[in-house]
Each structure stands twice: as structure tokens, then as C-alpha cells.
Amino acid sequence: MDPIFLNGKKRQSKLGTLEDAAAMIKDGTQLAFGGLHSHNGPMALIRQIIRQGTKDLHLIANVSAGMPADILIGAECVDTVTVCYIGMEHLGFAPRFRKAAEEKKIRIIDGDEIYYVLGLKAGAVGMPFVPYPPGHEARDNPIYEKTYKRTIDPYTGKEIIVSPAIRPDVAILHVPRADIYGNVVHLGSVVADDLLAKASTHTIVTCDEIVTNDSIRADPHRTTIPGHYIDMVVHVPYGAHPLSCHGIYNHDEDHIKSYVKADITTYLDEYVYGVKGHFEYLEKFGIEHLMGLREQV
Amino acid sequence: MTDAHNNPNYAIGELMVSAIARQMGTHDHDWAAVGAYSQLPMASMKLARMLYAPNLWWLAGGGGAINSTSKLVQSTSDHRVMRGAEYMMNMEDIVDIEMWRFNRGRENVVGVVGGIQIDRRGSCNMVAVGDYENPTVRGVGTVGLAFGVSFTLVYFFTMHHNKQVFVEEVDFVSAAGHTERRAEHVPPACIGAQKVFTPLGVFDFAPDSDKTKTMRVVSLHPGVTLEEVRDKTGFDLIIPDHIGQTDEPSEQELTLIRDVIDPDGILKTLRISR
Amino acid sequence: MDPIFLNGKKRQSKLGTLEDAAAMIKDGTQLAFGGLHSHNGPMALIRQIIRQGTKDLHLIANVSAGMPADILIGAECVDTVTVCYIGMEHLGFAPRFRKAAEEKKIRIIDGDEIYYVLGLKAGAVGMPFVPYPPGHEARDNPIYEKTYKRTIDPYTGKEIIVSPAIRPDVAILHVPRADIYGNVVHLGSVVADDLLAKASTHTIVTCDEIVTNDSIRADPHRTTIPGHYIDMVVHVPYGAHPLSCHGIYNHDEDHIKSYVKADITTYLDEYVYGVKGHFEYLEKFGIEHLMGLREQV
Amino acid sequence: MTDAHNNPNYAIGELMVSAIARQMGTHDHDWAAVGAYSQLPMASMKLARMLYAPNLWWLAGGGGAINSTSKLVQSTSDHRVMRGAEYMMNMEDIVDIEMWRFNRGRENVVGVVGGIQIDRRGSCNMVAVGDYENPTVRGVGTVGLAFGVSFTLVYFFTMHHNKQVFVEEVDFVSAAGHTERRAEHVPPACIGAQKVFTPLGVFDFAPDSDKTKTMRVVSLHPGVTLEEVRDKTGFDLIIPDHIGQTDEPSEQELTLIRDVIDPDGILKTLRISR
């Protein structure tokens, strides 16, 4: 259904490799990632970012970040982190985040869902900041976190709280499906993936499945992010493992548990530095185990 | 008197699910949000819709499923939760409600959430134990708890009842309880912390001054004594003249929980402690 | 798939009639409506609002309003109108809006898509106002329209333009499908219908088709507005006529052309006051004509 | 020299579609928006993607369809436009782009829009002719023209070329042209009005001071004289040394327009006048 392209011109694919994608993330990049908790995190790309030795990231952790934030901090890639929540949900604290925070090895910007989501919305639409309604003076984030400011609401004359627009340099997302032009289809939760693509200067998606452009055009209502926001598409089956990819496989709870308990150096040596690439990583788990994660009983 | 923690007929989690579900019966036609790590209130919402509040709308956390009918799983953001949902919220949808529903005046908007530290006024801390700049425990972050100054009502549940959880005053206010600061800044339509469901009992908040409230005993679970509650709470509770016993879950509730809501028995695996 | 309801309790339907719905719109109501141009306007409900003699509405016209705004103004129901665009697209000016404006019979708030859409977003999320990035000083809306104000961006210290949050009393939408609990499915453009439902105190949907709750639950990604925002659902086949209902029938271009040229009193007498209800209105067109609008060649 | 308005081989609308489509050839990989009442640029976008800019992303107005492949219909918001689209934007999506894409610095964001009144500096008026408080003609409203201070480039097209459309100075600035106010306030990455396509010719904007630009003739359509253009324009155009003739549509373009893009012949019904 895409129009015939004539004159020898062709629509260009945005496909790239994990190495291409990781190379877009330089030392010091303000890096955001999609998904939440143990779901839809771009873990294969994160492992590649660690493997290439990236330093001094300003990590903008997603609205409920677990292993993606914890492993980047544990691998000492992170200088600053914007936090809504970093923890392991029912599995307790995120141990490397907690340790780095208590030892003051990372700078923390203590946001919350409003700070993050409306900050990204402001970033996406060009609003210079987010104005708050009355009430938020009663809690401590706007007191302790110095990136909140105050201004005047000219409709009431009263002083109000504001928080800054957030405009990440690069957002990385793992999604179930995309076409080679960057059109994305989520099968489960979108969370803030759509907003991240709008607010960020560059957006990379890794996906479990590449679908045809025809299938995108057959039902445009199912497209969750239009491809014009996407710089690169990387086809990475099981690219979210050990997290889930909504609609395709569940999270690998046993492996995440073992990650929480592991010595981080040993873990990174085995699962990141000790493997050459993503499929070598997957071989450590085996086909039977990986296919088992698809059981959605 | 039976001890809920050792009752052969039901687990303590099942009793708490029943208690929260019955509370939701006062919220038919209202809108309720459940956070992450929330197996107890997720089960309660499902039970409430079947028995007490068929018109309750509820959100299963950041995953975004509205009115999910799936069986219980560990995580509110697991994609299995979206089965049988009526709508999938993204984070903008969620924050739209998180921030200002107190102004709409049509229905109550209710949160049922956990807390790492909860104090006598119902303030909740998810950020830092000790000095903020040099914390002894760095918490997970404030997440969605800003709704404490916008939702109509907030209900807390805890999996533990001890002096680490229930403290005199939280070190960092993620959600504002019934403090003087709240009285000064928060619109009155946002009432705030309403009840607390713990493994020992049910609590609410009663005025202790013009502007502030303190946590008060409502009922104790079967087998729990007032002395035990006092020993395990880090501040002086208000003790009313009459203290009830929390109703045990009914046969109907237990059947629905075990056969329909939680066939995999996740509630029984929760590490709930006194 | 909805759970079994026990204890004799039942989930309550939100179904109502056009008369019930119109009765929610009192004189002086701040009234917004969905759709755009000749598409998806709640025309049957608008005719009922005119029929009941509503006065002094503050109409918040949709982002590109045509006949819905023009007929309410022509029927003298409107005191104030917030405007992005009121016109008839390729059919020229909206004649009753233009006349009322030039004769100063209505008060106009001259907004635009940003004023309207971000005003509603602010209304939906509770932001007290919308802060603008630099640049908008170069155009005239923020100069002539007095509801724009100025404040300070505390991150730069510079003065910026702001516009107010918009919180309609009632939004009225015509949608292709809804269930009896208010869950809405758009088959074509959503435009700002979703945002209107969030920002307004009350929202009424009229729909061409009532669908089962099971069909909603079978594919929750297709739900475009969750029912908790909806106060009332009115089943009105051809409820958008002579506008289109996206995915079901096209707009009735010939009739809209005749509306533009008609004397407004004669038109209202024939199509609004002269018919007792919606089906009597439809009878004027006949089944063959109405079914013909479904042809989507 | 043939007169495009009476040429037996093509309609003037087809010539304009060809000219705009070739212009879009400079925007491969860019993002373009088309407004309502925009049959000419809609056809141009479709033609451009086939021949000159296969990587162009384009939005069909408020209806929200991205990269539509449907045949031409009257309205950009007709649901038939969504056939074969890749994404359906809602108004929030549209305003997200309308407001700040000039800051992204990745691709050019381009608008192709009409105007009721356009002046020598490329300012555009959609609101009021005459005094704002007592207009002689009340216009339709500013709609999406605020993008004039955020999109990288704006192209205008008009269906008429006369002194009612092309005026010395607009009475109300809906979209800001190359004025001193623009130079003072608008970030330079937002370049503004770039070209104007009318039934008589193609125009651009050339500096006439440090801070301002004036409309300049680029090419005249076949059969159009400079004298006619001057007579029908309400201000002094910049006349360069060389004025080209607008290229006629090619056989390939005409075949694609008539057989694929506009099989119902809507372009031929447009009331385009000199």
C-alpha cells in the first residue's frame, strides 16, 4: 500500500545494529529509557552501552525503573540520575542504586511522576516549564530538590511551584513491533514511550519483531509512535530479556532475582563483558528457557 | 478468639483483601488507583467489583489497565493484567488524573498505596531515612505519591506493622498527611489519608487539633491485642472508647479469591508480618 | 468477560435520551463540542439544545468548527465564543458566525490551536496556565486577545506569554461506538475528543452504535476514551448528520451547502423546531439518501 | 507561450500541484503539514512522495492522517484520508509538533498553507479585515497558523491572485512574516515564509533591510506577464534581473495525478482564479 516510488528513488530503511545504536550514546549524554519496572526495558542495548564503556551519563530513569537503571549505575556509567522510582518492585530495593546513592557516588534529581511526565510533555511541546496547582507546597520534593522553582500565576497573582521541561538527548525504547521506517506498535503498555520519542532529540527503538509497512498501513490506529520520531530501528529478538516484552514474553523473574543477589562485577563479567553480542548472551539461557517465557497461562 | 495469622481457614492476606474490598464498597461509582507491588489491593479491587462496588473504576498502576479482569499476577504492570481491561492508560492519562481530580467534584478519586515509612499524621516517605543529604537508607523515590495532595482520599496498606514502618514523623514527606502544612496549602476537597490497613488492624485519622489529625485504632484483626499494636507502633495512637474486631472474610469472599481472583495462590506467598 | 456481579448489585448503564442530555446544558453553560470541520459533530444533540431554547452559552468551538458553531450562533443560543477557526472549509465563511461577529452580537475570545489544545491539556491535568516559548510575541493573538497574560520564566528570568487553562462545564461528543458504561471507540479521527472528556466537568457522548462491553474488553487498545469520564451515553443513529461520523458515513455535502445558503430562520423552522425529534428529522432525508452516505468509494 | 489557464493539456491546479511537489523534492526526510481546504498541497504531497521525496513525512491536517495513500477527497479531515495512513495523530500530537519543532534541529518542519490575506513580508491574516474591534470582514480565526513562529519553513499557496489577497500590510498578524517583530522575537532556526505559489506564479522572499524581507518574483506560469502580476498585487514586489517560467507538469506527473492521486478529478473542479 505504500505508493510506488518512481525516478529510481527509494524510501530508506532506518535499520541499524546494536553497535550503531550504542555509538549514538556518547559520554555525558542525557539518556532516557522506556518501559517500567520489569517490563519493556531496552536491556540488550543497555548491555551494549555498558560494553562500549560509556561514562558520565545523565540517566533519566523511567517512571518506575528497576534493572535498567540499576545495572547502568552498577557498571559505573552514570554520573547523575533523575529519579521517580528506582527499585525492584516486589523484589525490594535496587541494590546498586541504593549503594551509589548512600555513598554519594551519583548526583540525584528527586522528581516524581509529575516532574517526569509533565516535564517530558513540556519538552515535547516546547513549554519552558510546568506550572503546578496549589497543594504541592505540602510535600518535600519541591523543597529539597533544587530544580523546582517558583513563579507568579498571573491569573491569581499567587506564587506557584514550577518544574523544568525535560528534553533528553537520546531516548532508547524496546518495543514489540516496528517497521523499517520506525513506525512502532505496542502490544501491551505504552507507559511514556510515546512521550519520550516526542521529547527527545534522538530516539532509538529496539524491537522483537520487524513488521511490514503494509501491516502498519492496514490499521494505522494501532501505531503507537509514528516513525518520524525514530532515528534508528534495531531488530533484537528477546531484546528486553530478562525483562518482559509486553505481548510477546514475560519477565524472567528467576534471573532478575539472581541479578539482585549477585555480586555486580561477577554478573557484568558473565552477562555483559563476557559475551560478544546479544545472541551469545541468549545462548546462556537456551531456547527451551526462552520459549518458556512466552507461556502466558 | 482466633489469630488471623494462624487461622487454618484463611491467610492474613485474605483477611486484608476482604477488609479493603469492603472499604471499596463505600466507593461505588468512584475511581481508584493501585500502585506497583500491590497484590493485596489488586485482589481487593477485583473482589469489590464483584460484591460491593460494581461501578468502581480502577487502575492497575503504571501498566495502565482499567478495570482488569485477569487473574492475580505479581506485578500491576505485567501485560497479563491488561486481559479483559476496558482501556489502557499511558502515563499522560495517569498523570492527568494524578494531578487535579480534586477539582472536578463529580466523583471521589481514591488511591490505595503502600508506604516505606508512615507517620502519625499519615505522611508517607519513599525517599530517604535520616538526613536527606546523607541518608542511612536511600528509598526508591516519590513515584506517584504526589497524588496525596490531589486525590480525594488515600488508603494505605502495609505488609508489616512495626516501628520501622510506623514512625513519629517521616524524614521526607513524599505524600502529605494531616499536617499543618497540608491545612495551609492543600484544597479542602482533597481530604487525604483516610485509613490504614496493616497485618494487625485497621486505623483511621482523627483530629487532634484545629488543623491536624493523628492515626486512630478502628479495629484489630482476630487474635491481635491493643498492647501488641502499641508495642509495634512508633507513636501514640488515638485509642477510642470502642475498638471493634475486623470482620473475618466470608465463605463467599474466600471462594471468589481462591477460585476466580487468585487461582495461582499468590496472596498466600506474600511475606506479611506483624 | 466483565466479572460476575453478585449480592444483587449490578453495574449501572449510563444510557439516556437526547432530552436528558440537553437538560444538562443550562443557560450560560460553558459548552465544548468534539469533532472538526464537517466531521463527528454532535448535531442531533445540538438541534435538541436549540429546540429547548438554551441561551447565553459560552461556546468553546472545536479546533476547526463549522456548522455546529454556526447553527448555535444562528439560533441565538450563544453569548460568547472561544474561536480557533469557525468556517465551512472549502464552502467558505460560516455565515451566521461572521454576521454575529461583524454586528458584535457575540463576544469573541480569539484563540488558536495552541490556546485551545494546550488550554484543555492544562484543564485536564490541573496546570493553572500554559507557558509559551519565545516567538509568539511576533503575532497578534497574544496582543489583541486579553485573556493572554505574561509571567516570568524563572529558569531564564525572561518574561513569557501564558494563556489560561480551559475547563468546560460540559463537553458533547458524537462518536461511532460506545458501550453502555461510556467506553468510547473512534473509528477515524479522535481530534481532541479525548482531551475534551478529560478537561470538562461533564461529558456526554452520542453514538451511532452501542457495542457490548465484551467487545470493548476484547481489545482495550482500541478504546479511545475510558468510560469513567463519560456522564451519559445517548444512542443516536446518524446523530452527526449532516456531518460525517468517521468510519460509518460521509458528510452530506449537498445538505451542508444548502444550509450555508439558506435563510437561517427558515432552516431552523424546517429542520429543528419543525420536527419533534431526531427520527422525524431523519425522515426528511429518507433511507435511500442516508444509506447512500455510507458509500465509501 | 501557452496560457496555463487555458492550456488544453493540463489544468492550472495541476501545474500548481507539480510546482509544489517539485519544491517538496528539497524536503526528502523532512516533515510537512497541510491544513484544511488544501486539495492542491495534498495532491502535491502524494506526488512528491512518488517522484521526488520518498522519505517525506506529511500530515493531512486536523484529521491526523500521516502519510496517507488514499485518493484525493475534498477535506483533509475526511475519514477516507486515513486509508493507508501510517499513524493517526490526535490534536495533542499535532500541537506537539506545531509548537516547538524548531528546537529539535534534526529535520526541517514545513507547513504548506493557504491565507485569506498575505502581505509583502509574508505575514498572514485569518482573523479580521479592517479594525480588529470593528472588522469589515470577520475571518475564520488563527487556527494552526501559530506554527509560523515554530516551523522551520512555511510555504503559502493561494487559489486567487488579486489585491484582496496580496496586501501591503495585513490587518491582523495570524502568522508572522519577515517583520522587525519577527527578527526581534523569533528564534532564527525558525526561518518562516519561504515561497508563495499562486495561480500566476511562484514567489519567494528577499532581504530589503537588515531585519526584513519582501516578496520577490521567482517564476511566472506560462502565459502570465509581469505586468499582470504587478496589477494584481497590492504592493511592490521585488523584481529580479532574471524571471523564469514555471515548468509545466510532465507527462509522468499528469498521469500519476489523474490516474492514481485524483481519479475523481477534484483538482479540475477547484475555482482557481487570476
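Each chain gets a letter, A, B, C and D, in the order it is written, and its residues are counted from 1.
Methods note: contacts are C-beta pairs under 8 Å (C-beta built on N, C-alpha and C of every residue); 3 or more make two chains touch, one makes a residue touch a chain.
Since this is a predicted model, take the numbers as computed values, not measurements.
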item: Chain centre separation (chain A, chain B; CA means) in Å; value: 29
item: Interchain centroid distance [CA atoms averaged], chain B/chain C, Å; value: 38
item: Centroid distance [mean C-alpha coordinates] between chain C and chain A, Å; value: 37
item: Two or more partner chains touched - positions in chain B; value: 65, 82, 88, 95, 99-100, 103, 150
item: Touching two or more other chains - residues of chain C; value: 118, 121, 125-127, 133, 221
item: Overall pattern in which the protein chains touch one another (line/ring/star/complete/other); value: other
item: Interchain contacts (touch definition) - all pairs; value: A-B, A-C, A-D, B-C, C-D
item: Complex contacts: residues of chain C adjacent to chain A; value: 118, 121, 125-133, 149-156, 160, 162, 164, 186, 221-222
item: Interface residues, chain B side, partner chain A - complex; value: 36-37, 39, 62-65, 74-75, 77-80, 82, 88, 90-92, 94-95, 98-100, 103, 126-127, 132, 134-138, 140-146, 148-150, 172-176, 179, 181-182, 184-187, 190
item: Residue numbers on chain B that touch chain C, as the complex places them; value: 28-29, 31, 46, 49-55, 57, 65-66, 69, 82, 84-89, 93, 95-96, 99-100, 103-107, 150, 252, 256, 260
item: Of all residues in chain A, those that touch chain D in their complex; value: 1-7, 9-12, 124-127, 167, 181, 183, 198, 201-202, 213, 216-217, 220-221, 223, 225-228, 231
item: Contacting residues of chain A [partner chain B, same complex]; value: 36-39, 63-64, 83-87, 89-90, 93-94, 97-98, 101-102, 104, 110-114, 117-118, 121, 133-141, 144, 187-192, 194-195, 244, 246-247, 250-251, 253, 296
